[in-house]
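Below, chain A partners chain B and then partners chain C, in two separate complexes.
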Partner chain A sequence: MQLKPRVPLTQQAPARRRLMAASCALLSAGAARSEQTAPVDSGLLEDWSVDSALAYYHEEGRIQAIEPVVDVAKVFADGQALNFNVTFDALSGASPNGALPSRNPQTFSSPSGKLKHQYTTAPGQLPVDPDYEDDRIAVSGNWTVPFTRLDQVTVGAKLSAEDDFFSVTVNASIAHDFNEKNTTLSFGIDNEYDSIHPIGGAPVPGSDYAPAEKQTGGKTKDGTGLLLGVTQVMTRNWLSEFNVSVDRFTGYLNDPYKFISIINGAGGTTGYEYESRPDQRTRKSAYWENRVAWSSRISTASSLRYMTDDWGVRSDTAQLHLRWSLSNRDRYIEPTVRWYRQAAADFFTPFVLTTQKPTDESSDSRLAAFHAMTYGVKYAQKLPGLGSRPESEVSIRAEYYQQTLDVRTAVPQALQGLDLYPGVKAVLVQIGWRF
Partner chain B sequence: MPGESLIVEARGSDLLAVKFTAMAGPCEVLMPSMSPPAALAFGAVAAQEAWRIEKKFSRYRDDSVTAWIHRNRGTPIQVDEETAALMDFASQCFELSEGLFDITSGVLGRVWRFDGSDRIPEAAAVDELLPLIGFGKLEWNSPRLLLPEAMELDFGGIGKEYAVDRAYELLAARSSISFLVNFGGDLRANRPPAQGPWQVGIERPDTEKEPSLLLDLERGALATSGDSRRYLLRDGVRYGHILHPGTGWPVLGAPRSVTVAASSCTEAGLLSTIALLRGSGAQAFLDEQGVRYWILQ
Partner chain C sequence: MMGRFSLALAMLALAAVAGCSSLGVKPWQRDVLAREDMQLDSDPLDAAIDDHLYFSKEASSGGRSFAGGGCGCN
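Moving on to the complex of A and B:
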C-alpha cells in the first residue's frame, strides 16, 4: 500500500551515501522550518536552583550571630534570569559602646537593643553593652534581561529591616560583551534610602550622655553609588576583572548608640558624650581580581582593593582563595587568607580631653586604624542531584578573624598599662547546601 | 516537563558545560569559559530545542504529534512540515536498510520488556504483532499519512540524533565560538576549542561510569547505539534489546554497542543503529560504509 516506489538497494550504492543525502534533506527542511516559525516552546523553566547556608559567627567576649541565608535562582529558556535572596541575622551578645576602659567601675544606662537597661563595667575592662540584641532580615531580588546577544541589563532591589532601621536599595546595571565575548564592560548605579529610628531617640551629635539630650522622630540617610567595571579573558586560563566605584552618603551617619569617654588630665573619666560624624561621606574604591586556573585541579582567585574616603579612612585589602579539587573532582578544598589594613578617620579619637571640644568625633573602632587577618577553609562535596537536577553540593566553611587596633594616641599616665584597645577575635562556621 | 533547569558547570580550567535533562537522559553543551549568564543563554538555545523536539514527538505525551497520529488511526491526516521531513527520512532509512530500520516496530514493546529478567515472551504473542509492523504498510504520501488500525509510530530511533543536529544548527547560527552538543552520548562539535580536540568518553557496557574508550573529536558527530543495561537473560542466553522488525525477536550476535563518526549526528546514529540490526554482520556493514567506527562486543 506504500505509494512511493521502492528503490532496490544496490551493492554499488552504500547505505552511507544515501543516508548522507537523506540526513541533509531532513536537516535542511528543519532549518527552513525554523526560519519560518517562531520557537514553539518558550515556556518557563520550572525548577529553581537553591543555594542555602547557615552560619554561626562568634566574637570572643562580644556578639554572636546566627545567620540563615537562602538564595534561589531561576534561568529562563531565553536567557533571562531571576534571583532572590533572603538573609536573616539574629545577633546577640556584648557590643562595645565606645567608652574607654577606666581604673574605676563605669555604669551605663542603655537604650540599645530591645530594652532599656543598666550595666556596670569593671575597672580595666572595655565597656560593652552586655545585652545587645538585634534581628535583621534582608530580602533582595535581581532580574537580568539579555536584550541583544551582547548586552544585558540587570535591575534589582533590596529591603533590609532591623528593630530600629529600615533600608531600601534599588540598583540597575548594564553589561556589554565585545571582542568575541572576551571583554565585558559593565556600568551600575544604585540608590539607597535608609530610615533610622534609634531606640530611645536619636542623640544630638556631640551632646552629653548623662542628660541624654535626645531628638524624637526618625533620621534618614541616603546614598548613591556608581560602579564601572571591565572583565577581560586574558588567556584561556586567566580571567581579570577591574572596577572602580564611588559612593556618597548624606544624612544621619552616626551610630546612635556610641559615645566617647571624656578624660581629665589625670586619666579619670569625667563623663561621656555622643559621637558626632560629618553628615556626608564620599568613598572611592578600586578593585582588581585575577582568577587563574593553574591546572585542572588547582585554581586561584586573588584580589586587591583600595578604598579611600573624605573622612580620611584609607584601606587596603588583599585576598587569596585557592581551590584544590581532590582526586575524583567531586570534592574540593578552598583555603582563604585575607589581609586588611585601615588608616583612621580624621576625627577618630579614643577619648576626648575635658579641655577639647572637637566638632566631629567618634571612638568607633570601625573608624580606627587597625589591621586584620582572616584565615579560612572550605570543604565541599558534590552529591547526586535531587529530582531532575544533575547534582547538589554540601559544604562547610570555617574562618578565623583577628583584628588588631593600631591606635597611637598619647594617653594620660594613669591609663597606661590598661588594655585600652583590645582587638577582636572571631570565628565563623558555615554549612551550605546547594541543589 | 521534568528537568527544565539549566546548570552551568566548569569543566577543567577553560571549558564550561551547560547541563540539563532531556529525552530521559543527561544533556550538555560544552563551550569555552565565559560569564555564566552568557553560557546559560547559549546553552538554553540547545535545551529549548531538545525540549521542543521531545515534547513534539514523545510517545509518552498526550499532546505530542505522535499521540495525535495514533488517535487518528485509519483516517487520512496531513502532518506538519517537520513531521513530514522526519517521515520522509524514516522512509528512506527503511529502504536503504532493507527493512531493518522501521519506525513501526515499536509495537514489539508491548511484549518485550528488557528489564534484566528472564521473562521471554511466548512465540505466539510475538507473532501476533508481526502483521502490525512494516513501514510499507503505511500510506505515506508527504504530507498525507494514513496509519492503519493498531499500528504505531515511534520516532525515538531518530529523535535524539535529530535534536542534536537541530541544536547544533541553531547554536552555529548564533555564535562562532567552538562548542559541542552532547545529548546522552550522541554528540556533534563545530570545531575544537583552543587547547585541542574534544575528549569524548564512550561508556563501557558492563560498568556504567568508567569510559572504556576515550576519543579525540575535532569536529563532526558521533553517535552510539546499543544499551548494555537493557537485556533479558534465560538459560544462559542473553537477549539484547535490538529487535529485528521481521522476526520480532532480538538480533543475534549484535555487538553491545556501536559508535560511528559521521558529519551529522543523524547520519552517525542511523549507521550505528543499522549496524546493530545487522547483528554479527555489524562490522562488515560498517567496513563497507567506509566510516570510522568503534565496536564494543
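Moving on to the complex of A and C:
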C-alpha cells in the first residue's frame, strides 16, 4: 500500500517502467523500488507500452553507426510481465587494424583477401581498414512471474546475429523483498554462447600476417555470469543499489581482424603478426548507484563501478545524471557526465620488437591504458497519449565521448613525433519516442 | 586489487544483513520514490545504447547488469 505520487501512476506509463525493471537490469525487479499498479488488462494491443529510439553514432575519421531500437512491454493484471526488444545496428567506416603508424606507407589486405580490398595507409597515419562494414540484429525477451507477495522470478533470452558472429544468451533471476519492501535482494545468472565465423577464416593466434595462416571452421566462446545485489530504500528521497558480479568467458577471445606491427631497433616495420589473447577471462565488478530527489524538480542518479579481471585490466567508472524537471514535470533537461579510466591488460603491447616473441600479445587499444570522458544532455517533452494511452514522451539527446590513451611504452627514436595513439572522439545523437 | 572487490562484497553482505532494518520508509511515504526519475531503470534504452557504445570501446562492461554483450564488436 502506498500513497499516490504527485503525478498519478496511471499517467506514468507504469507498464513500461515496471517491465523495464524486468528486462534491463536483473536486479531491478523489487519493491525497494516503488510499487506500481498493473494496468487494466483489456487484452487489446493498446495495453502494450512502446519505447523506441533511433541513435546515430559517429567517430571522427572512423566508423559510423545507425541503431534503431524498439521495446514493447506489458504488465498483466496478475503481476506477470512480458517485454520484447528488437535492436538493429548498421555499421560502416574505418576500423583500426592494430598496426602502428609508420614513417613509410603500409599496405594491407581487407579480411576477404581480395586485391580490390587492399588499402594503403599514408606515413604517420594510424592504419585503419577503410572498408569495415557490419550489420547486427538482436532480439530479446523477458518474462517476470511473481510467485509470492515478496518473490518474483525473471527468465529471458537474447539472440544476436552479425555477418560473422552469432550469439545466444539465456538468463534467470530471483528477487526477494523484505523489511517492509524497503530491501530487495536479487540473484541472477546468465549464460552466453557465441559462434564466430571471421571473414576469410580465423587466423592462428600469433601467426605471421603475410602468409595469413588461417584456421578453417568457426570458433566459439562461452561465458557465465553471476550477479548478486541489494536495492535499498534509504530515505523518502533516496534509493540505493549495490551489485557485485562475476563472469567468466572461455574459448576464442581474440579479435580475428587485429594484428600487431613488428618493429626493428631502428623503428622500421618489418612485418605484422596476429594478436594472441588468453583463451579464458574472469571479470569481477562492484557497482553502486544512488538516486536522490533533491527537490520536486531536481534529482540525480550517480554511480560508481570498479572492475578487475585476470588479464590485468582494472577500471574505475563514475557517472552522474542530473534531471531538472520543468513545467509541472511535463518536460525535463538531463545533463550527464561520465569519467572512466582503465589500466592495460598484462599482454597489451603497441608493437613487438623483432627480438621478442611473447606468448600473449594484443595491440587492441581497448586493452590499453586510457581514460575517457563523456558529456551529454537530454531533453524530453511529455505529450498527449495515443489512443487510450494517458501520455507519450519524445526526447532527443546528444553525447560526446573522448578517449585518451595513456600508453607509456618507449618507442624507437624514428617513431617519436608520430601520433601513435590518437584515441577516439565520437558523437552520439539519439531521438526517442515512448507511448 | 582483490582487496577492493572483497571490500565491495563485504559491504553488500553488511547492507543486506545488518543495516537495512533501520533504513527505509513506511508504505505511505513512497510518493517521491514513485516518481519516474527515481526508478533505477528510468531510461532503459538510453542505458542500453550507452552500454553498447562502451562495450565496443572499453575493456569493462556490466555492473548494473550482466557484462556479456552478445556482440562481436569486442
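Structure notes:
Just so it is clear, the second predicted complex is superposed on the first by the 384 of 435 C-alpha atoms of A that agree within 3 Å, B and C clash if a C-alpha of one lies under 4 Å from a C-alpha of the other, contacts with A are read in each partner's own complex, and residues count from 1 in each chain.
FYI, a contact is a pair of C-beta atoms (placed from the backbone, for glycine too) under 8 Å apart; a residue touches a chain by one contact, two chains touch by 3 or more.
Remember, predicted model here, so these are calculated numbers, not experimental data.
Once the two complexes are laid over each other on the shared chain, residue contacts for A:372 go to chain C alone; chain B is not touched.
In the superposed pair of complexes, A:136 makes contact with chain C only, with no contact to chain B.
In the superposition on chain A, A:187 contacts neither chain B nor chain C. In the superposition on chain A, A:237 makes contact with both chain B and chain C. Of the two partner chains, chain B is the only one touched by A:149; chain C is not.
Residue contacts after overlaying the shared chain place A:88 against neither chain B nor chain C. The partner that reaches more residues of chain A, of the two candidates chain B and chain C, is C.
In the superposed pair of complexes, A:308 makes contact with chain C only, with no contact to chain B.
Look at A:79: by the touch rule set out above, it reaches chain B but stays clear of chain C. Once the two complexes are laid over each other on the shared chain, residue contacts for A:227 go to chain C alone; chain B is not touched.
Comparing the two complexes, residues 1-4, 6-7, 9, 20, 23-27, 33-34, 180-181, 231, 233, 236-237, 239, 293, 299 of chain A contact chain B in one case and chain C in the other. Across the complex, chain C meets chain A through its residues 1-2, 4-5, 8-9, 11-12, 15-16, 19-21, 23-50, 52-54, 57-60, 62-68, 70-74. By the touch rule above, chain A contacts chain C in their complex via residues 1-7, 9, 12, 17, 20-21, 23-28, 33-36, 51-53, 55, 57, 67, 69, 71, 87, 89, 134, 136, 138, 158, 160, 162, 164-165, 167, 169, 171, 178-183, 185, 188, 190, 192, 194, 196, 223, 225, 227-237, 239, 241-245, 247, 249, 255, 283-287, 289, 291, 293, 299, 301, 303, 305-309, 311, 313-315, 317, 323, 325, 332, 340, 342, 345, 366-367, 372, 374, 378, 397, 399, 401, 403, 424, 426, 428, 430, 432. Contact residues of chain B toward chain A in the complex are 1-7, 9, 12-14, 19, 21, 26, 32-35, 37-38, 40-41, 44, 47-48, 51-52, 55-56, 81-82, 84-86, 88-89, 91-93, 95-98, 135-141, 162, 165-166, 169-170, 174-177, 193-195, 262-264, 266-267, 270-271, 274, 285, 288-291.
Chain A meets chain B in the complex at residues 1-4, 6-7, 9, 14-16, 18-20, 22-27, 29-31, 33-34, 39-49, 75-79, 81, 144, 146, 149, 152, 177, 180-181, 184, 231, 233, 236-237, 239, 293-296, 299, 387-391.
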